[in-house]
Each structure stands twice: as structure tokens, then as C-alpha cells.
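Only one structure is covered here, and it is reproduced in the block below.
Per-chain numbering from 1; labels A, B, C, D and E assigned in written order.
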Amino acid sequence: MIDWKKILIPVSAIVILLLLWELLVWVMGWPDYKMASPSDLWPAFLRYQELFWLYGWQTLWRTVVGLGVAVVFGTLLGMIMGLSKVMNDALYPLLVGFNAIPKATVVPVIALMFVGQHDFNTILMAFMISFFPIAVSVAIGLSTLEPEYRDILRSLGASRMTVFWKIALPKTLPEFFGALKVAVTLAFIGTNLVEIITPHGRGLGHLFQSAQTNSDFPLMFAVLLALAALGIVLYYAVVALEYIFAGWAVRTAH
Amino acid sequence: QTSVPFTLDWRFEGPAAPYFLAIDNGYFEAEGLDVEISPGQGSLDAIPKVATGAFPIGFADMASVIKFIDQNPDAPVTAIMMMYDVPAFAVVGRRSLGVETPADLEGRVLGAPPPDGAWAQFPVFAAEQGLDMDAITVEPVGFPTREPMLAEGQVAAVTGFSFTSSLSTMRLGVPEDDIVVMLMADYGVDLYGNAIIVNTDWAAENPELVTGFLRAVAQGVRDAAADPEAGVAAIAARNPALDSELEVARLNMALRDNILTDWVMENGIGGIDEERFASSLEQIAMTYEFTNEPDASRYFTSEYLPTDGSLMME
Amino acid sequence: MENLIDIKGVTHAYKTKAGPFPVLRDLNIAIPQHSFCAVVGPSGCGKSTLTRLIAGLMFPDQGEVWLHGELVKSPRKTVGMAFQNPVLLEWRTILQNVILPLEIVAPSMPKAQKEARAKELLALVGLEGFENKRPSELSGGMRQRASLCRALVHKPDIIILDEPFGALDAFTREDLWQTMHQLRAKEPFTALLITHDLRESVYLGDQVVVLSGRPATTQYVMQVDVPGPRPLEMLYEPETVERLAVLRREIQIAQGRAVA
Amino acid sequence: MIDWKKILIPVSAIVILLLLWELLVWVMGWPDYKMASPSDLWPAFLRYQELFWLYGWQTLWRTVVGLGVAVVFGTLLGMIMGLSKVMNDALYPLLVGFNAIPKATVVPVIALMFVGQHDFNTILMAFMISFFPIAVSVAIGLSTLEPEYRDILRSLGASRMTVFWKIALPKTLPEFFGALKVAVTLAFIGTNLVEIITPHGRGLGHLFQSAQTNSDFPLMFAVLLALAALGIVLYYAVVALEYIFAGWAVRTAH
Amino acid sequence: MENLIDIKGVTHAYKTKAGPFPVLRDLNIAIPQHSFCAVVGPSGCGKSTLTRLIAGLMFPDQGEVWLHGELVKSPRKTVGMAFQNPVLLEWRTILQNVILPLEIVAPSMPKAQKEARAKELLALVGLEGFENKRPSELSGGMRQRASLCRALVHKPDIIILDEPFGALDAFTREDLWQTMHQLRAKEPFTALLITHDLRESVYLGDQVVVLSGRPATTQYVMQVDVPGPRPLEMLYEPETVERLAVLRREIQIAQGRAVA
């Protein structure tokens, strides 16, 4: 039973936005090099279609791998911080500081540390930029677990590990997915940042750079739109995962 | 006084000294101009700024100007004064890693950032030198890692601007006599370097101002050549984070290799050689597919250059 | 008759930044096997603390807690607990929620057997047909029923009920009181019930213990010698009304609103 | 009554981190251009001390102004989305897509649109990168307002506006500040991105770029640290604001 | 005697995706001035819907709601409400919470006057000295007291109470029942109380209305002619026990568990 309204509304919103954009460019008479209009983008997209798919895929898999690493590391870190108050107090300001460093400045530093390891660098950056929200949400989820939940199992002599697996972990899943929705976008941005700042000839970021080198403005804007589309896809992929693994929480909220 | 914003292609570094000297020494003022200089983020930033009329005058790489006009034939922009008779495009290698001539690149690793201007011309360079591209291992590197990789010996040579890559490599502790700078212009690449560009609509309305601007710039170049330290000091006043020593070296290299070339010393600064320009268009066509028929007169015009001898550098 | 639960001179204080915070003082309670003990007392007097001591989740500063003739030194598998908040796990169905203790206590029991046991209990409390629902699909009273089943599924010697009916409306509460009697008739167990509702304590308890204000000590113990499944009408009998009046007065003393 | 532990633990964590870093560089024998060590950073910082303060201030005020705009716009947008289900369905995917576009690619486009307006561009970017979480949190806060709260005032004939000001707005403050903690870091990153990508000779981002141009690696790392420090300051400034304006929520959570 | 509240043949259905969902059907209730009407009925039968109709927050599909001889067409300033959830605003002190309705209804009243009025009420319910505390610093019962003060602060003609004592423990609840009687003695008001607790309905109400299951209609009305502040002992009197038995039976009929 598909709810057509749920699809129709956002789609028409996107269409309206594109129309307004087209109209604006047309009314203002802006040249391509100031602001390309949607109708210019389609030819640019068609011409480089293969590259879009190829590069899109490269950007995608690096983002997903980086996010995967962030999930593992962020969950572990969150567990440490959620289960120990001292570790939380000690690590939190460090993480805030680390998170506040603009990643654009870190990209060159990483590139220097692991020279030539392009895939590794890209994944590392996607990871570094995205693990923070995951760690924070897992930590909060664990530290706010009501004691009754623990007592139910502990009174039966269950070990800490059992309590963690049977209760604490599933109970933090909704927070975890909330953070994952933020993290996936961040990882995506991280991947692109590396592709743009230390160009190594792969990914949509590279296509953007090439477009810029050739003054091909419609292509630049087309890449921007492709990035937005890919970002939306990634985001809703996480929403779908949430529905599968923490559907109980989503459904309860209705 | 007419207010004239002027956009550079890059940050405030040593080679920008002539413009600041032209301000500080009152040359612009004498021409009735009130010039404010803005930094840019590459030629591809400066050109549209001029094309849209936000800046009447700017400074950009000639190859980029040509491509931009080819993509946007209606854009009201054109080059009017050639500043770098020889472009800074270079291959920088290390003697100790076995690179002394272009032929040495074969069988070795060349580091090149994909969007690098110098790398874009490398096929021309290779063709002119008869290099076998398949024999050169090209490692795509990021800008920030280019020189450190050369310093660490992970690549034997890199493509880049002569005065950027060689100085940075020196900074990283590589002895000066180990560094080989092969200016592509010395190896058959006929391309021109950076030029002053203008919004043609604005220029058509203010031809005297444009000419005055160019006259003042030429005077600035003379002053910078006479006292590079003073030139860098003029920039340092605007950018306190500047490393003056480094920038003086950079300015000196630019003056020697790119600006005050033999051709300029003979014919004066700012003009072009028609034949060489035509050849350069052919060389661009080797790496870039023109969407329109190339038309030299569309890319550069000398009509605004002062004819009162103020372009002569001696 | 041997006491299944024996609380002997238990004194306990929480360690806080502002120093020790005494909660229980020289508390004594004895609960015979298969008997039902209701505990009432002012808010915050230490009733939940008592349940945690019996469950072996905490240990008293002084005094001893004996279960089944053994000194309590660690959590024991023979305890079942239910709280005011039913704390059902939303990601599990009702059936899976009820099975949870078996997963800990009897991991090797075949799944079918676990489920059979859980279904039997669910049927007993009137939750037949709701096995595969999620907790959020049930009403508050139904959730509390499921929580009781979970406390009983592994046939514990003792079940500890910390105000399990506190958040329910009056009708549902009376329903569940009757269910408790049915469960006891079917599978005898020993129970300690914490409650705020005097009628509940008298209707369910074989003895009612009134605790004093903090630090709590045993202030009054009333025996309610009414056998087996009690009818709801009992609540309106003069005897009960009198019992309630006595308890009411004791509570007022415990709250410091009347003097002994 | 200052809780010394609260300060001591994070400070010692930072000190330990710096020591480990120093040790690592020392053991690995890395050159400055690979990884500068903390002991190299101090001289770099001292030498450019004045610039650090000057540029730090420039970065700071732009961030704060951008964040201020984001707060106003984000709150308005959040109100629209929180009060109208249709607008929420329509705008959400657009916002997700917009948010997923790597801002590094947007910087040049903005620079083209508003040529030479450096302060404006920087503030615009700080705003664009940071309004999203604010809008989302305000929207969620408003849409999850329990109806009883509304009824209390509505039954007295209070207008929608009154209900909004007296109840809905203060009630969303905790969520709002939660989002603001994320947004302040984002705005800070946005400011720096512009300072790095479009050079206009101001801010810590510019100092980083200059250090890079000069191959002054200790200075680069010193700027990174300064950024982290400023990020921490901004973050805890929001925490302090939260304590002042939504202290009731913070205190309740304890 | 004129009725202050007159509900005449009210029928209402919610519009849902699956079509109209009937909640009230031909409902009639009349409440004289300064009288207290308690309404009981099965869960989800439409009791809260009824309160929203009286408060003018919704309008019936058919029938009319009259207040003070006027047809209800919009919310009226002369209504005070309290719910099961005390919905105090955590960012305001208790005093500021109680003042809230005055800010809406009498914006021009001097602040000192508003506060004096609020303090007077708070003292009446035993919250003297808690004026500057935050809601979270109070116990559940104290919060509910504050919520009652807020419902009364602007001297409304009618106060509507939707299970205000539902979440409280038995002792606190009985305390608050007495407080209600004291408040009425001090400042007479007309009240409609929704409750699940039959004892509460009999102890507080001048009439008890039993609603049928959804769609709710008036199933039974019981007059409780016991004058003015009633002692708690009334609950244990045989007359009350008998009343409760009658109501219990009517509720079982309403729930469909017994036949008339």
C-alpha cells in the first residue's frame, strides 16, 4: 500500500524548485558562467553520462566503506564513553575540538601522511568526519538506559555483556540511526572534499574539478545536482535500513 | 578619479608586486584611477568575474582565457596585455633522482595534480620532446603533497609552476643545486602565460582608462625589477602572514624567467608575437577540443596597449 | 515452617557526595514459602532499595538477607521481578519478551519448550492471541500482564513486585488483582509486593508490612488470614474496612501526620 | 563551588594526547612536513601571535554572525515545517539534498554570485552550512508538542501566536540548543572553508593557506590546533548559553 | 435552577482516513451551577472528547453545548482545565505556572495582584513556600495541586478535570480529594470531572454519570446527595459501598461484560 502523497509532495517540490531556478536564470538573463539553468544541465549530463555513473560509483563505495569504519569505531568509542563517566569527561572535549577542525585543512595533512594511498585517504576522511555523531549518540543512549531494564536481567545473574547485547545495544538503535542519518551525509561530504582538494582523478569531485578547469559551467552545476541526488539516495538508504533494523521504534513514533 | 577593482588570479604573493607598487607609487592615481586589488582563486575564478562585469579588469592565464571564450563565445572578455611572455609551466625534477633532461622522465615517476595548469600542457611538452608517454609513470598527486613527494623521492619529478614547485621543494630541505627546473617554454611549448584581461563592454566605454591602467602596470613592473624587496614589502603591508624572503625569491624568479624575457627586453612588455600565438592555439588543440573555430583576434587585442614607449623595460 | 525470605536486621545507607544517606534501619521481615507479603510505606522511604537487596543487586551495610536458607551474596536465578514501568523491550514481540529470562537462566532449553511455557502463562493472564504483537500495540494493563508473565516464566522461587499496578486505572487494577490470585492458585509462588494502595495490600497480601518513614524500619505487621482465591467482594466486607482503617492510621504515623 | 574533577579530567586528557603525539613524532623521526610535533608549534605560534589573535577574531565574528542568521532562518523554516505537515514532506528531501552537496563545491559558485563581498560570502556560507540542524530540531520540537499544552491556553481563547510564544517556543529550547551545538561547529567549519578556498586575506583559514604557501608546516599544525581550540570555545559558549536560557532542561536531566 | 452546563443531544465523529469514527452519540448531561459532576466510562469511550467539546476546542457534529445560557461557538475565558498529566511548564516556577492563565485572560492586571491571587490558591492547597521551585523539584501530587491552582486562578465558571488524579498513588489521591472539597467550600465552582475511579466519583460528585462504550451515550446517572465538605470516612459507609456496587454493575454493562 504505497502512500502516493508521500512521494508526490516531495517530487513536486523538487520540480517547482527547478522551474523557479530556470525562470530566475531566464528572467535575469544570467550567462552560463554566472549561473547555469536546469535546461543546460541535461545536455551536460547526457554528454558525460558514463563518467557520471563511473565516478558516482567511485564516490559511493568510498563513502560507504568510510561510513562502515565510522560505525564500528564510533560504536566502540560510544560504548567506552557511555559506560565510563571518566572516559566521557576526558574524551568529550577532545572530540569536540577534533570535530571543529575544518576538515578542508586536514585533507592535505592526511595526504602528506599517507602519500599516494588515495582510496585509503578518501575512506579515512569519510571516516574521520562522520564517526563523531555516532559515538555521541551511542554514548548518550547507553548512559541514559533506565536502571530497571538492567535490573531485569542482572537479577537473573546475567553478565554485563549479556545485558549489553540483549538490551543496551538494541535499545540505542533508534538514536544510532538518528546519528547515522547525519553521519552518512558527513561521510559523503568528506569523500568529496578529498576528491576536490587532493585531486587524484577519481570520483564526482574530480569531475567537478575537470569541469572547472575547462570552464564548463553547466557541467559544474550538473555535478552539483548529481551530488545532491546521490546525497538524497544515501540518506534514504539509511532511512530504509532504520526501517528494517529499528522499525519498531519508527512505527511506535507514529 | 574612477574606481577600478582589479582581480588577481591568485593570492597576494611575490609576483603580484608590480600592481601594488603601481598603487603605492601613485601610478594609477596619476592616470585618474582608484584601483583596489582583490585576490582570486585561480584563473577560472578571475575570468568569470571580469566577464560578468563585477571586475572590469583582471589577471588570468591565457590558456584558460582561450578555453573560456571558446565555451562562452558571447562573454565580453578578452586579453589586452601579456604579462608573462613565458608561462611558468615547468617540470621540476631532482638531479639525484636521475632527472636532468626531459628524456630522463621516461622510465621514472612523474607526480602531477590532475587539475594542474602545467600538467595540462604536458602532452604538448611530451610531443615536442618526442617522449613516449607510456614509458612515464604518472602518479596523480594532490597539490599539497606534490613537493613533499618530490622531497621524499617518491616521485622523480613533478609538473608545476616553476616559481612555486622549485621554491617549495627547496623549503623542504632539498639543496638548490639538486633541483632542475625545465620551463616548458624552453622545450618547444609556445603557449603564453598570464595576461591582463578586460571586460570588453567596459573597455569600449573607457579606452583611455584602460590604456592608463596598462601604462601604470608597466611602470610597476619596472619598479619591481629595480627593487624587488620594496615590491614584496608593498604586498606584506597587505598580507602580514607573508614570508617576505620566500616571496622575494619568487618574484625574482618570475621576473627573470617569465616577465623580463629576451623578447620583452627587445619589444617591450605586453604584446604578442602573432606567429607564436597561432602556434600556441594549435598546441592547445592537441589537448583540448575547441567547440568553435579558434579565432586569435577574439582572444587577444593590442588596441589598448599604450604606444608612447612606456612599455619598454630598459 | 521455614521462611523462604528472611531479612534480618538490615541497615543500609547510600554513599552520596554529601555523605552517607541512611535508607533502611534495622529492618526485619520474614516471608514463609508460598506466602504473599505486601509492603506499604511513605514515598521514598526505601521500598525499592529493599527489593534490590533481596534480588542480590546490592548488599546491605549491616544485617543479612537469607533466601531459601542461603545468605544472598550475588544475584540469583530464582528471582523474578516486575516494576511499575513494565519495561518491555519494544523490539521484541510479547512472546519474545516473556521468554527473555529463560534465555538467561536456561539457555539450553529448546526454543519450542520455552515458547510453550510462555504461551501457557500468557493464556493464563488473558493474553492469548497477542503473542506476536509489539508492546506498544497493547494497553497499559495488558503490558503489565505480560511483564508479570516474564517475572514468572522461569518458575522463580520468589517474585518481587515493585508497584506493578501503580500506573493503571482502577478497573484494570482490580482485574489484575484477580489475575494474581488465579496465578497463585495455579502455580504457587512466594511474593513480595511493594504498593501504595492499602486496598491492594489487604486484598493480595497474607501479611501487610508497614514501613516507617526514612530510614525505614518495620513499623507494623498485619496478618490477613483469608484463604485462597479471594473474591473482589472481600474489599467491601466490614472486616476489610476495619483493617484498612488500622493500616491508614499506621501510615499516617509513618508519614508523621499522626502520633502512635 | 567549582567541581575541579570536571576541569582536571579533560585537561589531563589533552595533555596526555599532546605528549603521545610528541612521542610518536620523535620515535618515528618524521620530518616537519610530514607531521610537526607539539614542541615545534609553540615557536610558530609565538612568532605569529598577533596574527593568531587578529585572524582568530575575524574568523570568530563571521562565524557568530553566520550562526545568528542561521538561527533566525532555521527557526522560521522549522516553524513552517513543524506546523504544516505538507510543507514538511515537501521541504525535507530538498533540505537533505542541499545539505548533502559538499560545501567546498558551493564556495566558488557563491564567490561568483556575490563577487568581492568577502564578509557577506563568508557569513552566507557559515549560515548555509549550519541552518539545517536548527530547522530540523525546531520542526521536530513543534510537531511533537503534546496537545494538552496547547489546550491549556487555547481553552482560554489564546491566539496561535500566544501559544507559540508562551509554550511551543520555550518548550523546543532544549532541542534547539542541542541542534545549536551541532550548528556552531558547522558554521565555524563553513567560515574556514571560505577563508581557505576563496582567499581574501582574513581569518585563520587564510593563515593556514599562507603557511601552506610558505611550506611552513609547524605553522600549519599550529593553526589546526588554534582552530580546534576556538571550536571548543565556541562549543562551550553554546553550552553556557544553554545553561542560561534552557538551564531548567539541563538541570532536570541530571 | 438554571443549568450552567447543558449538553443536549451531542453526537460527534472523528474524521479519519478510514471514514468517520463515531465517538459520542446523542449525549445529554446537565450540570447545575456550583455542582460537581463526575463522569465515568470505559477506556476510549470518548470522555476526553467530551471535555474538548465543552471547552470549545471542538464543535459537535450534531446537538448543542450550552454554557451559562450561551451556545458554545469558540473557546471561552471562563473555563479552567486540568489533565492527568499536570503539563506544568518546566521553564517557569510554580508561581509563574499558576499565573499563566491570568496572562491570557487579564493581561492588564498588575503583576503583584496576579501573584497575590496565585499565592492565595497555592497556600490553600498546601504549596506555601514552593512558589519559586521548578515543577521537576516537586512530587507528582504537588505538581497536580499546582495544576489545579492554575485551573482555578482566573476564577472560571467551570473547571474541567480530565482524570487529574489518575497517575497518583492512593494516599496522595485521597489527600487531593479532600483538597478539592476544601477548594469548593472556599470558592464555589462548577466542575466536570472525568475519572476511572468509582470511589473518587462518589466521593467528589454531586452526580455521577456513567457513559456507555463507544459511541458514548448517557447510560446511567446517579445523584449523590451528601452535602458540603465530605469526610473521608464517607467512603466506608454502607451507603457508599452500596452506591459503588451499583456503579460497578453499570460499568460492567458499559464495558459489555454484563447485561442490563
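What we mean here is this: a residue touches a chain if its C-beta (ideal position, glycine included) is under 8 Å from a C-beta of that chain, and two chains touch if they have at least 3 such contacts.
None of the values given here were measured: they were computed from a predicted structure.
Here the chain-to-chain distance from chain B to chain E, counted in touching steps, is 2. Contacts with chain A and chain E are shared by C, D. Distance from the chain C centre to the chain D centre is 50 Å, each centre being the mean of its Cα atoms. Here the CA centre of chain A is 18 Å from the CA centre of chain D.
Averaged C-alpha coordinates put the centre of chain C at 33 Å from the centre of chain E.
One inter-chain figure worth recording: chain A and chain C are separated by 48 Å, centre to centre, where each centre is the mean of the chain's CA atoms. Shown for chain B are the residues in touch with two or more other chains, namely 48, 52, 144, 148.
Under the contact definition stated at the top, not a single residue of chain C touches 2 or more other chains. Shared contact sites, meaning residues of chain D that touch two or more other chains, fall at 33-34, 108, 112, 197, 212. Under the stated contact rule, the graph of chain-to-chain touches falls outside the line, ring, star and complete shapes. All chain pairs that touch, listed by label, are A-B, A-C, A-D, B-D, C-E, D-E.
On the side of chain A, the complex with chain B involves touching residues 31-34, 107-109, 111-112, 115-116, 118, 197-201, 206, 209-210, 212-217. Contact residues on chain E toward chain D in their complex (touch as defined above): 52, 55-57, 74-77, 79, 81, 83, 85, 87, 89-91, 100-101, 103-105, 134, 136, 150, 154, 160.
Chain D contributes residues 5-6, 9-10, 12-14, 17, 33-35, 86, 89-94, 96-106, 108-109, 112-113, 133, 182, 185, 188-189, 192-193, 196-197, 205, 208, 212, 220-221, 223-224, 227-232, 234-236 to its touches with chain A in the complex. Those residues of chain B that touch chain A in the complex are listed here as 44, 47-48, 51-52, 64, 67-68, 71-72, 74-75, 113-115, 120, 139-145, 148-149, 152, 154, 288. Listing the residues of chain A that touch chain C in their complex gives 146, 148-149, 151-158, 162, 166-167, 170-171, 173, 246, 248-249, 251-252.
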